[in-house]
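Two complexes are shown next, each including subunit A; its partner changes from subunit B in the first to subunit C in the second.
What follows is the complex of A and B.
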């Protein structure tokens, strides 16, 4: 169902919105366009069948216990197509989700967590300020996974990055080279990647990033990061004879 | 004390399921139809395999050997005794396997943390790895619970959405690779479950005094639920049997606690950039509840993020006088210790944080002597007498 006329939306009836209206400065059309993009995702029909408002998802949700956050509200806003509230959630709520999919026990067969994945993806694709904020400090992880093919590496275990994990982190980081050599599996002697990834494999990964529009998404949220990743990718691909 | 569901009562009336009444269609049938239409290659589970029951009563084939080990970033990077124990078990039971370099991460940890990817890219990464396995003739077995859960999502998207399938096929053809899907998506803990009796036959350490709490991994049994293993003889068929089945086979006690179904608090982005949440959740909803209700010697789980979150989160809360202090390890490390594995050379417990030494003592392991042995290995490595510790060194 696609609605051009906003007059019938739940949120537009005075007093009917579930929350005080935020982001009033953002034109309704922009919010609607984002919502239409969410609905156009091939997964959307599998993730939302309506909502009983039973709250089972909230009872199962870890993030609901520690944040002002509710998967039920996400499902309801989507089921009612409350464009204003959805925009607000896209900015203020979705990054609280733990993506554990405990809410998949929904008796209506919804996946509020899956809806959130799509909402986040659309937020990133359009570079919403809140997604840029949510990803601050996370850029090095994106860089690592996209350029090396493994997400966390042994050399990330630095005491200043994980002070709350106790003194063992320093011990690991001090002994890293030696302890990695003391691992029997041959692929695990690395320190800057989780395991040894072959060059051919890495090239293929770069081609996947290139042929999907992932790089455009990165550019929307972090231009500097985009440039660094692109440099690494292009150099490797060109050396291997690919014209990008 | 919170009242907990009495697990004993679940066992008295096992829950029997009829696969003909399953609420979902069997995706493997759709896969075979696509194969018949020439759209996709389905890589068959090699023989010999073990047949297990899944949530809706269907049968799943778990390959024993000829496995292509799809490793996990977090395991290999931060808890390498986890991956090492999986390989060690496979070797000890005499099964053939590959530990490929032609493998990338599933990239799903990043996707669930940052959403900086999309359906086509995620499908491309998954299908590239599956094609790489297919080229070797070995069958993928997946170490990470999140990779396993995410690949099941990718399978849904590729099977049910022709447009997604076309996009991914197009990317694969540019890489010169066919579109291949394994007949079953198999998690390593399902292999451990399938061989648990063999593991028990090789058991050399007595675990009858050990009390364990199980933390089942969300992405194993909540995300696309129908592939997870259930067994009427374990929890009366009402909870996933994976992990608990192994502990029981090794003669240890599985102790119940009321937040069994809660996640660990990993949160994907939270564990990296918002750890106050992960720490609070792991402490207050998991470890403290386990301690209060079951006082276990160990927490056994079967996923990367769960081991990391539950283990590492126990340091800081000590400053607040919280009731923490239970060691955490994977089912593979637990099984390896039962079979006599070295706690440092194989299980690499020095990478873990929460004190595991009292547990080793209860298992009859002289951890001080074991550490001295391992330190000798480290000296040989330092002196460049050996370049790496090898499987021969470990087994010698």
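What follows is the complex of A and C.
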């Protein structure tokens, strides 16, 4: 069932444009500030030129086949600087994107996926409730990536965790170490991380996450997770002589 | 007894160019213009900058007028109308009338450069309130304001905060009877949108369209800069009606690509009125007996490879007298007709 599209309102504000009715309780100035932050991102000019509203990005988008999601509308709202709609998308739409960048085939050379990257970052940076919700299920993945430098680890492969992966999962997980050692590259002979990560690499990753604003973004979304990650990192960093 | 004089009816861009070229090729050319001044629509309607090169219209037309009228083989008669034509190819007899009297001249060939008029947006099914709301204007009205560097809400004299262009007014409409595309309005609206943003930088500008028809280099020279540099908002969806609300205009339509109805306030609405054959084109076609199409434009019935010969031998038609045409088209067809007419006057065989 699709819900009825909200009518574009008679916007009283001179700066307002073709505005939907969602998030009326959020002050316009707040929405505008977020949009200004998106526009100020140094990547923005390379991600948006003008939009034909042709839909080539939607046809290429895997998410659009499964969700009520349109990369066209993201580019379109940004091209029109429709502040109200952009805020709505920042809350309700950008998390449906899988960041595969199939949409980069745009004839105007826009990158709707790139715009979404920026929109997500701004949403997270400002702790929008929707971004907290969207990232809630990813705490474990974020923890893994940020502490080990690899994403899903082989030992996460448990029959009860992923029943839809079929009956072979049990056999593989019972003999995980053996299966891993059967892989030709030695760097994959790991079970608690996706592959072997050297101490030097890990140290560099920790430093990057500290000196970019990634740690601040994590704190904004999930304070508990931030604390746990910080604990792990601090030990390694202190040993290497870094004071954070 | 034949005549080797070429008669050009209409001193707009196409007529002047045809006259200039035929004169350069050695023919004697008489240009008859019913208005008091030469220059056609760009002068009569106070165009600001030409589409698509943004050249000042007054300056560009002055050059063309000087080039044509400065040629010793060209005679220009303004405030003069053609009121009767007799004879046939090689030997036309043409009656010219001024306020003070008639004169008959001979001509071997005739080029009709009688052009177009803008669609009257008060006509028939249009519900845009052109004659009701002072802030609803046409492209031609906007040109005049832009030329004066004074783009304002006519009702208040203040600069507008929000400006909308509505495309295809009087074009592509079976109910009105103009089924054709007027070809130039998308480009002119986009050009004007850029000029509005230049003159009123704080204004938001919207263009409501069915299809944007930005041929060839109009795409990258007008359309893309309008969107990318001047942040003009293009919305696919044509306005159904314009109402007045709280002292502003309320435009109602569908934001088709967003899939929702829209009602948005505007300070100025510019109607992108299309082209129709001018009264002069209709009158001359009837007087000369040249075939016209159902819209009243002069037919060039010989197909794609002869765009200027009419159904009457020795009579050629150029520019927007034959259908919607931009300046590039008008100037090109004027050149083709000048060459064909001069060849004919010299007795050369010109086959299609």
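Some observations on this one:
We adopt the following convention: the second predicted complex is superposed on the first by the 223 of 244 C-alpha atoms of A that agree within 3 Å, B and C clash if a C-alpha of one lies under 4 Å from a C-alpha of the other, contacts with A are read in each partner's own complex, and residues count from 1 in each chain.
Heads up, the rule we're going with is that a contact is a pair of C-beta atoms (placed from the backbone, for glycine too) under 8 Å apart; a residue touches a chain by one contact, two chains touch by 3 or more.
These figures come from a predicted structure and were not determined experimentally.
When the shared chain is aligned, subunit B comes close enough to touch A:208, but subunit C does not. Between subunit B and subunit C, it is B that contacts the larger number of residues in subunit A.
Looking at the shared chain after the overlay, A:200 reaches subunit B, while subunit C stays out of its contact range.
Look at A:81: by the touch rule set out above, it reaches subunit C but stays clear of subunit B.
Using the contact criterion defined above for the overlaid structures, shared-chain residue A:168 touches subunit B, although it does not reach subunit C.
In the superposed pair of complexes, A:73 makes contact with subunit C only, with no contact to subunit B.
Interface residues of subunit A, counted against subunit C in their complex, comprise 5-12, 14-15, 17-18, 20, 49-51, 53, 72-73, 76, 79-81, 85, 108. Listed in rising order, the residues of subunit B touching subunit A in the complex are 71-78, 80, 83-84, 87-88, 99-105, 107, 109-121, 124-125, 128, 132, 149, 156-157, 160-161, 163-164, 167, 170-171, 174-175, 218-219, 222-223, 225, 261-263, 265-270, 272-273, 275, 277, 279-281, 285, 312, 315-316, 345-346, 348, 350-353, 374, 377-378, 381-382, 387-391, 393-394. Across the complex, subunit C meets subunit A through its residues 161-162, 204, 224, 227-228, 231, 233-236, 245, 250, 255, 257-265. The residues of subunit A lying in touch with subunit B in their complex are 41-43, 46, 60, 62-63, 65-67, 95, 98-102, 104-105, 117, 120-121, 123-124, 131, 134-138, 141-142, 145, 149-154, 156-157, 162, 164-166, 168, 171-172, 178-189, 193-198, 200-202, 204-205, 207-209, 211-214, 217-218, 221.
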